[in-house]
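A single structure is presented below for examination.
Letters A, B, C, D, E and F name the chains as they come in the text, with residue numbers starting at 1 for each one.
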Amino acid sequence: MRPSGREPSQMRAVTLERNIAPKAEGSCLVAFGSTRVLVTASVETSLPSWRRGQGLGWVTAEYGMLPRATGTRTRREATAGKQSGRTQEIQRLIGRSLRAVVDMAALGENQITIDCDVLEADGGTRTASITGAYIALADAIAWMNERKLTKANPLRDTVAAVSCGIYRGMPVLDLDYLEDVEAETDANFVLTGSGKFVEIQGTAEQNPFSREELDTLMGLAEKGISELTVLQKTALGG
Amino acid sequence: MRPSGREPSQMRAVTLERNIAPKAEGSCLVAFGSTRVLVTASVETSLPSWRRGQGLGWVTAEYGMLPRATGTRTRREATAGKQSGRTQEIQRLIGRSLRAVVDMAALGENQITIDCDVLEADGGTRTASITGAYIALADAIAWMNERKLTKANPLRDTVAAVSCGIYRGMPVLDLDYLEDVEAETDANFVLTGSGKFVEIQGTAEQNPFSREELDTLMGLAEKGISELTVLQKTALGG
Amino acid sequence: MRPSGREPSQMRAVTLERNIAPKAEGSCLVAFGSTRVLVTASVETSLPSWRRGQGLGWVTAEYGMLPRATGTRTRREATAGKQSGRTQEIQRLIGRSLRAVVDMAALGENQITIDCDVLEADGGTRTASITGAYIALADAIAWMNERKLTKANPLRDTVAAVSCGIYRGMPVLDLDYLEDVEAETDANFVLTGSGKFVEIQGTAEQNPFSREELDTLMGLAEKGISELTVLQKTALGG
Amino acid sequence: MRPSGREPSQMRAVTLERNIAPKAEGSCLVAFGSTRVLVTASVETSLPSWRRGQGLGWVTAEYGMLPRATGTRTRREATAGKQSGRTQEIQRLIGRSLRAVVDMAALGENQITIDCDVLEADGGTRTASITGAYIALADAIAWMNERKLTKANPLRDTVAAVSCGIYRGMPVLDLDYLEDVEAETDANFVLTGSGKFVEIQGTAEQNPFSREELDTLMGLAEKGISELTVLQKTALGG
Amino acid sequence: MRPSGREPSQMRAVTLERNIAPKAEGSCLVAFGSTRVLVTASVETSLPSWRRGQGLGWVTAEYGMLPRATGTRTRREATAGKQSGRTQEIQRLIGRSLRAVVDMAALGENQITIDCDVLEADGGTRTASITGAYIALADAIAWMNERKLTKANPLRDTVAAVSCGIYRGMPVLDLDYLEDVEAETDANFVLTGSGKFVEIQGTAEQNPFSREELDTLMGLAEKGISELTVLQKTALGG
Amino acid sequence: MRPSGREPSQMRAVTLERNIAPKAEGSCLVAFGSTRVLVTASVETSLPSWRRGQGLGWVTAEYGMLPRATGTRTRREATAGKQSGRTQEIQRLIGRSLRAVVDMAALGENQITIDCDVLEADGGTRTASITGAYIALADAIAWMNERKLTKANPLRDTVAAVSCGIYRGMPVLDLDYLEDVEAETDANFVLTGSGKFVEIQGTAEQNPFSREELDTLMGLAEKGISELTVLQKTALGG
């Protein structure tokens, strides 16, 4: 039995609220149950120097957590003077996931920076971030398309993410915090709307898993992503 | 004429939404017009080492801005590796303002950390932060009182803050961003509910001001604070 | 009774020794009683990049304390790896105070950097710094005027600073360290020679103050500044 | 055709040279073709404070590259003042991989720190690091067993790692640098000697991959790991 | 001919002004010609943790330069966020030089921190620092002896320092800035009052020097140190 | 009697293995007994900005130690976030030593960066580094000469380094770790192949030394360097 009473293959309630940050070119408040992340997409018509002169754009991401997104206060990274290894790992994952569905030539020599700031953390902050970031990205690209800043539509597909894991011996979809802490195995999947894998990250610090278990988790992930893709398309009004 | 069409002594619409961060002992989403700040209060039953053994508590504050709280993206301080001088100045001000209404002996050897994170910035982020922080602080102290963590009620008064300035020769209350940029003189006032001054910070980088002008600004501030005090008491259900 | 035996409205002995740092374009060793600050003004005929191309100059300030300026040794900020929030707050205040009396168009695209290094600290280091910095600034500008580096005389007024506070219930002028530690209320005032306010920073962490008390402190400050202005003019030989 | 002329399922020549660092409790110079990593294991009979008092040990890892391990010189991280996100990601992966085969209760309240320093980088530095780190770890644990520092033998299994990817449309095992740069898809697999998965990290920044492709890569990885496991056992003289 | 008109073996005018920093247990304003350094000695009756419990004291030193000690402004190290390699090298040298004449057992478990802050730099700041630091150290130790903080007199000898170099082919004593910039060879000598060598640091980035040249420089150094030793003894009233 | 059984004037076994790092333009694995340092030389056809436009090249060095080069693990400087004062001192020494034998005009506007990474530390890491760095430098310059990147042969002489010290009252050559820890006096000598001094750094934190003792140490150093010079010439095949 899951702590939340959910079925093994049941996701938490997911909401995607667009245009939550009026100053940004794209934004989304995404919730996976109690996990809430505020995502903004910022367009710049310039590039970092290492990327210039190739006719290609760039998409990058940064991630943060408000100090009291967690049950006990977490030290503010700006005070600590650096981002933790975990933070850097997550923001690199978000950036790679989004770049997988963007045609950089069509984007032109522009950069989009995605900021994911966790308002409340209850497990799955990275998967919620990616899922919501797609919405902010799509809106920012639409904003650019309207202003003729792109060469063609740079969006090649949708992208979403979900976690799966083995909790008390049972493969489950979309782990919340209570499950995450206890799970023997934990995997994050990033898939496109067309069902292809962009990233798969499975970890079994406690109990190494078999190939069969991994197959089961992949099946759960595919189900979850297909649901998220429908929600994304609905949110974007198409 | 003010850009917003407000009267010189008219504040922006102010809202104080309590308990917005379910994990924190106290929290408030405060809005001064478009300026929105998420404030949390975190209780710890321990103290930093320099404060221990005196029978006194401590209240401290940290301040941050989401990168896209502003019209163009601001660099994330966690990435820059340090808090800016402006950030430190503001968080020190917030901490001092709140400590002025707390009886540290009654608080006991506990610490309350206030986090003010700006979701959207349209002028007056520090005054909105202080005004909202009082709500989060009051709720955190109530939480402590219920659990017998305090010796007596540590709250001695309410506290709120507002800015005033001289905009195109006209003294005005509660400057928004458009006014702030252009103002010749800019002052922040922190007052208690009983009308006493906790902090006054006036700056005239452009045009030094006369004592008469300062008097006018103080009058506006007293009006604004009395309105904020009513809103705070209403929010706290008293 | 004040620890020093001074009258409530009596300043400490103030001295302004010009040209104390032979390599600098302007310099001053300023003493407010035992508080001694070495101030230098450095002229550069270039600007930081964000300020270029507007036909305007810039004045900025940095502040530091020798480790043994204080009764017990203070950790060197270069060793700690960063300037404290207090240091940044003070150097930002000094910079704003000086800019208020400089015509940036007349200064041309040049920068003056003021360095205030406290040799001995006995209260009022920021007000002594500002008062002495005016002398170093004036000498540096005279040096520039002689070399035709300015377009017109950029100095619009003099500027000086003093602290006031309520010590054991009595409003007093120019707090020394013993008074500062104990004062219920503490305010710093920066005024021009013509009696206008550039900055006012009042803090009442202990006991919030009334508007009447603030009025009294302002009166003391005006008296102190008028005395400092005379000393500044005398020092500059006018 | 692979640049090296290898068959798709052919690994590079792998060597594991034990006891290369005479001062360390365990050490190994591991080569995957031209990729060479010097691994040491350091035993401490104390723990970081957050881990104490639970009767459990800890295994952690750090990773670095000599500046000229690469074709053009890479900036030294000690000079840059911090470890890159990539470095942190890799060292966290190495630590998790090793912890998966260690019984922390049997290890007792001791810590083993693994240092992986890349002498020459030609693709697969993280998989070579993990594979070599197992040797250093095993020797360090044997050293501890001899000295009765452990409660029982803490080693539960062997662990090794290998990368697979899709290079010019062809699934290949153990990518070298030339393949890595061009690969559409890139995955790292960490498996135990008994064939269970500890970590799987697949990335497709260029072309998302299908579940079938992932299955093929997993098959290659299982083949590679079984070969590495034989080499590890041989090296350890068993 | 030397730029200053001095004879090859002639030192600059040296002055040692004691008790210049009233808050410090020992202090000295030392001048070697235009080079002026303010030195303080701070006594603490505790030790850094690595030194405790051995019955031995410690003497350490820190060095800094005011930004406008130099002809053009040097960036403040507190702003840069770290001490330069040159600064660290110098302060390590000062610390070693002083420790050579202190009996650490007699000092007891106390620490003396020497701060050398250069007010004006005209060559030889490290040798002036060491020479002046001896005075501050001696006064701090006398202060400790009076208060029975030491076990016996910890001062075993005096210590002073001077630079020598080959300037335009001519061996000269006590290089000033103009000579230092141009010198082919540059050596710093730290000797005790009894004529023993504590440190010798010779550098010939331009033209390697012969053993004969080094001998000549050593002779000059011995002459200079003997003069400095007389001045030190006079300053200390002996 | 020396711990190693060596004669007072006997060096440890020294080996110089060229071309150990295949990606670098020059490299050398140098051993002084158990002390082993991996040195690489990296050629860049550009210069840091401060050196450009003068028609002169530049040679610089960086130094590091693998964490387990030492008997107990040393903290990784990349993790600590900065290079220690000791590290900076050593790398500055290496750079100066090599520059003394390079004709910067002949080198042209190119930079050579020497990296010295200590694999095992048993005393004398800085002298081994310099001695091995000369080999890497010579090979890198030969590589440049072949490609016509230089204007003439920039190598003016060879350079090598050795330490001497007074161990239990006996002057000895090439101190190993056991001797270094205990030595009263410790000096490093950098000499050219033609017998001139480039650097001399003598330190006597324990017992100041006499001029006679220094003379003896210099004699030992000259002997050691002449042996190292022969080995260098042999290694370079000529």
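General remarks:
Just so it is clear, contacts are C-beta pairs under 8 Å (C-beta built on N, C-alpha and C of every residue); 3 or more make two chains touch, one makes a residue touch a chain.
Chain labels with UniProt names: A, B, C, D, E, F = Ribonuclease PH.
This one's a predicted model, so the numbers in the text were calculated from it and none came from an experiment.
With steps allowed only between chains in touch, the distance from subunit B over to subunit F comes to 3.
We define each chain's centre as the mean of its Cα atoms; on that basis subunit A and subunit C are separated by 51 Å.
Remark: subunit A and subunit B have CA centroids separated by 33 Å (rounded to whole angstrom). Centroids built from CA atoms put subunit D at 28 Å from subunit A. Contact of a single residue of subunit E with at least two other chains is seen at positions 82-83.
If the chains shown are joined wherever they touch, the resulting network closes on itself as one ring, and no chain has more or fewer than two partners.
In the cyclic arrangement of chains, the order starting from subunit A and heading towards subunit B is A, B, C, E, F, D. Every residue of subunit A that touches subunit D in the complex is listed here, in rising order: 82, 85-86, 88-89, 91-92, 96, 99-100, 157, 187, 191-192, 194-206, 208-211, 214, 218, 222. Against subunit F, the residues of subunit D that register as touching in their complex are 21-24, 27, 34, 38, 40, 42, 44, 62, 64, 66-73, 76-83, 87, 113, 115, 117, 119-120.
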